[in-house]
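Chain nomenclature is as follows: A, B, C and D, assigned in order of appearance, with residue numbering initiated at 1 for each chain independently.
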Amino acid sequence: MLEIALIGAGRIGQIHGRNIAAHPGAKLRWVTDVNAEAAGKLASALGAQSGTDARKAIEDPAVKAVAICSSTDTHAEMIELAAKAGKAIFCEKPIDLSLERVDQCLATVRKAGVTMMIGFNRRFDASFAALHEGVRSGKIGKLETLIVTSRDPGPPPIGYIKVSGGLFRDMMIHDFDIVSWILGEMPTEVYATASNLVDPEIGKAGDIDTAMVVLKTKSGAIAQISNSRRAVYGYDQRIEAFGSKGMLQAGNQVANTVTFSGEPGVVGEKPLHFFLERYDAAYRTELQHFIDCVLGKAKPATSIEDGRNALALAEAAVQSLKSGVPVKV
Amino acid sequence: MLEIALIGAGRIGQIHGRNIAAHPGAKLRWVTDVNAEAAGKLASALGAQSGTDARKAIEDPAVKAVAICSSTDTHAEMIELAAKAGKAIFCEKPIDLSLERVDQCLATVRKAGVTMMIGFNRRFDASFAALHEGVRSGKIGKLETLIVTSRDPGPPPIGYIKVSGGLFRDMMIHDFDIVSWILGEMPTEVYATASNLVDPEIGKAGDIDTAMVVLKTKSGAIAQISNSRRAVYGYDQRIEAFGSKGMLQAGNQVANTVTFSGEPGVVGEKPLHFFLERYDAAYRTELQHFIDCVLGKAKPATSIEDGRNALALAEAAVQSLKSGVPVKV
Amino acid sequence: MLEIALIGAGRIGQIHGRNIAAHPGAKLRWVTDVNAEAAGKLASALGAQSGTDARKAIEDPAVKAVAICSSTDTHAEMIELAAKAGKAIFCEKPIDLSLERVDQCLATVRKAGVTMMIGFNRRFDASFAALHEGVRSGKIGKLETLIVTSRDPGPPPIGYIKVSGGLFRDMMIHDFDIVSWILGEMPTEVYATASNLVDPEIGKAGDIDTAMVVLKTKSGAIAQISNSRRAVYGYDQRIEAFGSKGMLQAGNQVANTVTFSGEPGVVGEKPLHFFLERYDAAYRTELQHFIDCVLGKAKPATSIEDGRNALALAEAAVQSLKSGVPVKV
Amino acid sequence: MLEIALIGAGRIGQIHGRNIAAHPGAKLRWVTDVNAEAAGKLASALGAQSGTDARKAIEDPAVKAVAICSSTDTHAEMIELAAKAGKAIFCEKPIDLSLERVDQCLATVRKAGVTMMIGFNRRFDASFAALHEGVRSGKIGKLETLIVTSRDPGPPPIGYIKVSGGLFRDMMIHDFDIVSWILGEMPTEVYATASNLVDPEIGKAGDIDTAMVVLKTKSGAIAQISNSRRAVYGYDQRIEAFGSKGMLQAGNQVANTVTFSGEPGVVGEKPLHFFLERYDAAYRTELQHFIDCVLGKAKPATSIEDGRNALALAEAAVQSLKSGVPVKV
């Protein structure tokens, strides 16, 4: 039984905590959070110990793996604590908002030789995984154009936006990872354009809420990502890959397959509301993969280098938006 | 240039009249109708002569083919006039409401040796034709189950229902033809059940408006037809063919492919409203086929025997509904 | 913590056993099976005791509820044992192949006053539940026509067919339940027709493999069920409800939403392969509902009367098929 | 009866010629082409006079309108001839490859006060028109993101590519028009990136075959166009408009609605093969609109200014591709 410490009892921490507790091969030993009440409540529901001292949990000899779900600004420190304690690491994205800091972590983890995996949950979505497999297996021949659509149902609180690092580092970072993953190569040029259309408060906070990014690779493949912080019809997460032998499209998921034909037309369900619903199964698959990695049965599909690459693309997008011209990566 | 006389200037007569006038290989020479004004108006718009005397038009030596679109009770007489005058015949369904009278017509047409085709327009619908071709070419192996859905957007006037011969002879006759055509064999047993749910006036007129019929063949294939005189979302015309190697489904057509994703869900267009819209292209293809038949380039895909068979199935359904038990054909 | 005894460690027993073990409010105390090895293996994986003596498990005072997943011929006896021991009962369908025996059970359960629920899992499918809710809430006005399609990917072993009670009692019994549930009234007339098209061995065993049944209610609504023991494209489970204000359709589920556009056309995933995949979530919801019933939070959505009614319709279908005419219920 | 001269008997000239000949309110009086045989063949089939002298046809007093379908390098001259002769003008896109020359034409046409319409056929497509109507009527609130996909089934001959003005002026010009039309405002910034992936010969001819362009407007709306000269599954023409209240998507059209469920999955038809099939109805609607404009019943939906604007965007894309940075319009 693999004993795991969970650092952070917020929204995403609760998901991973529950999945760990329900996993037949894992045991949730610790839940820590800066908010003692939040940690205590989750730990109690899942039969774990709780506390506010992450270091104590991480260094507990019974703990073999650490799931880092605390706020972004603490990730790097937790990674270093865990690496030095020789624990396997699962860390939510992004690793840090500074590429330099990420590189320090990368060095520490490599030196420690511990297993580390980044929480790019979308790679574990059944539809995205099937599209990736189709592209990689040559089903559409040479990949030429990749179009990624990613829209949240609504914006996060302004308070979050102020500390998130901005849309590119916080939200599009998932899409940057998806693009590199499906392309099978790191883009070499990034052009970003963006607007503040959803909520003027976001603009006042220095961020944008509607963005379009074009990426190009050495081989000439062109990718495009469009993001919006608001989609009234739900969480819109789609990928279209076009190549010399055809096209693969991965669509949204719905709660049920019922359609109504009546006066207003033929009406189907909206996409599942948000990431908790859409990626519910993906989070379970992701955790299973992490456990397999810790047990030596698999190698992390989402490595610390992947986390670094996605952040590098986000940085390039930030610079392109500022300068108004494409940026080399 | 094939000169054609059109008998009947009502709704379906206007469709065929316009298609004849627009056809590069045909000329509409006559439009006749018991209503002189209706005939005159259509003839004038299409550059034809008009009158109330169908015989005169049929026997005009320049006329080589006759399109019979008058009321059902006149079909048999027109067929006989045209057959005796040696003209090729296109006749709207049903030939007559009496099987005996149909058989007389059949004998007359055979004796005269003229080309005759029944207006089973649905066979010329691109989707139904593709499904038929798929079944006949063995794409789903041995055909085992056939499910035909056919619902009108709304009931015809009560006056029409009183003289139509009832739902089985007037409306489901198309589906009986479709079923025999796709099965590739004449069903040998018919069970019908029905209700009066749409409009009590239809019940008072001695008819039903909601019906379900099960047909069985010697080979064990089972077909099912469901009809309703009302569907608030439009004209609902679908076929599902299931066999040992798979399933083919032919769906409705829409005016455009636009979908709206918003608060109410994902909303697509309703099916095209009624037969004029849905079978617009089919009517043109049907006329082309008739002209090809007259010119000796093709044999009628919808023969007078097909018209007889469909009526025989309708008769069996009427009897089954009366008796409450299945009827052998 | 609700302690449950599982009777039967076969395919369906394993599903329920795993769901009980994973449920935060339940504990799997016993697994029994006539096959000691099967019981032991499942019990060991799920942390339960095992044995071959169902009575011992049922009468264990710690056990508050019993899940009966053994072979059909033992259901009635298990129900009676559990009822007499005052335990809540979950029983897989059918209760028994004899209506008389079902009525005995019904009397015993009523007398004992215990909670009892039948495993009509399809009612807990998200799509079917949404369609049911739509119909019951009046979204399509008055329900007029109901069309249920239910095809298995392939036939069960001939040995199973010989003892199953036949297609109507074993397979279509689910659809009979669905039809009554959505109609909201018990049909009063049943007409069945069927063929042996899939495998001649099924015919030799005295059963049919392709069936179509028409049911009618007092209110004039007409339902139709079609079954096949084989569908090469997977498990085909669909419902179409048509009424005065529109139509609701519940379709199949797919493993992912990816489509491929290429030389062969636009290709989507096949339906999920069989009931284990399609109803995976429904089984969990069903168990949750059972536990809620035992805890007094809900009343069984699938009562023992529902089990009786479905069997009565199956009996009527068997008689109709034999006699060739519709049968009153 | 409106008499029309057709200039150019090539692929697109044949379409317009046939539609004019079949139109009840129009008569095709002339067909001219530099290739006398081509002109003669089409004229003879459609009952018109033929010749190689466009001026003669344009200046024929019976001719009230001119349809210019000759090669792009002759458009400007034909427009000027027709404008000076006081004839209504329908001209295929692009007007000319030089913006300066287009402006001269514009001035001449304005001075002459004749009706002029550009052949942006896609605006008359039922799906695109419905999407446009939805956006303009506020169905999705404020338009924020517009995504246009436009892929040809295969590249034109290299000879054509050499004189076409390149992908942006020849192919994407349609999409530039669509974008401006749906945005309801002219974009102010254009960024283009492109590759040569389909055929090296295209690269040798100095052109690209895979392109992605991002356009931005004053209001902050962002549009994106992706083009490919080859799509093995057919002509791929889609639009997605996203706004504050939802999303509208216009998809491809198929020859029929049949789907096959079998071993390979659920297979539907490919998109209609190419523009002749996809825009067949749009060409008829477009001609009807032109005739309405000539008769004073409507104002050209696709004005000469629209033609100029689309070319200006193409020019900007060409410059952006060369310079590697966004270009202001």
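Everything below uses one rule, namely that a contact is a pair of C-beta atoms (placed from the backbone, for glycine too) under 8 Å apart; a residue touches a chain by one contact, two chains touch by 3 or more.
Treat the numbers as computed from the prediction; the structure is a model and nothing was measured.
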Pair joined by more contacting C-beta pairs (B-D or C-D): B-D
Farthest chain (mean CA position) relative to subunit A: B
Subunit C and subunit D, separation of their C-alpha mean positions in angstrom: 58
Subunit B-subunit D separation of Cα centroids, rounded to whole Å: 40
Residue list for subunit C, restricted to those that touch at least two other chains: 232-233, 236, 245-247, 260-263
Overall pattern in which the protein chains touch one another (line/ring/star/complete/other): complete
Subunit C residues within the subunit A interface of the complex: 22, 126-127, 129-131, 134, 139-140, 245-253, 255-263
Subunit C residues touching subunit D - in the complex, by the definition given at the top: 232-233, 236, 260-271
Subunit B to subunit C touching residues, read off their complex: 142, 144-145, 147, 149, 151, 189, 191, 193-198, 210-212, 214, 216, 220-222, 224, 226, 228, 230-233, 236, 242, 244-247, 324-326
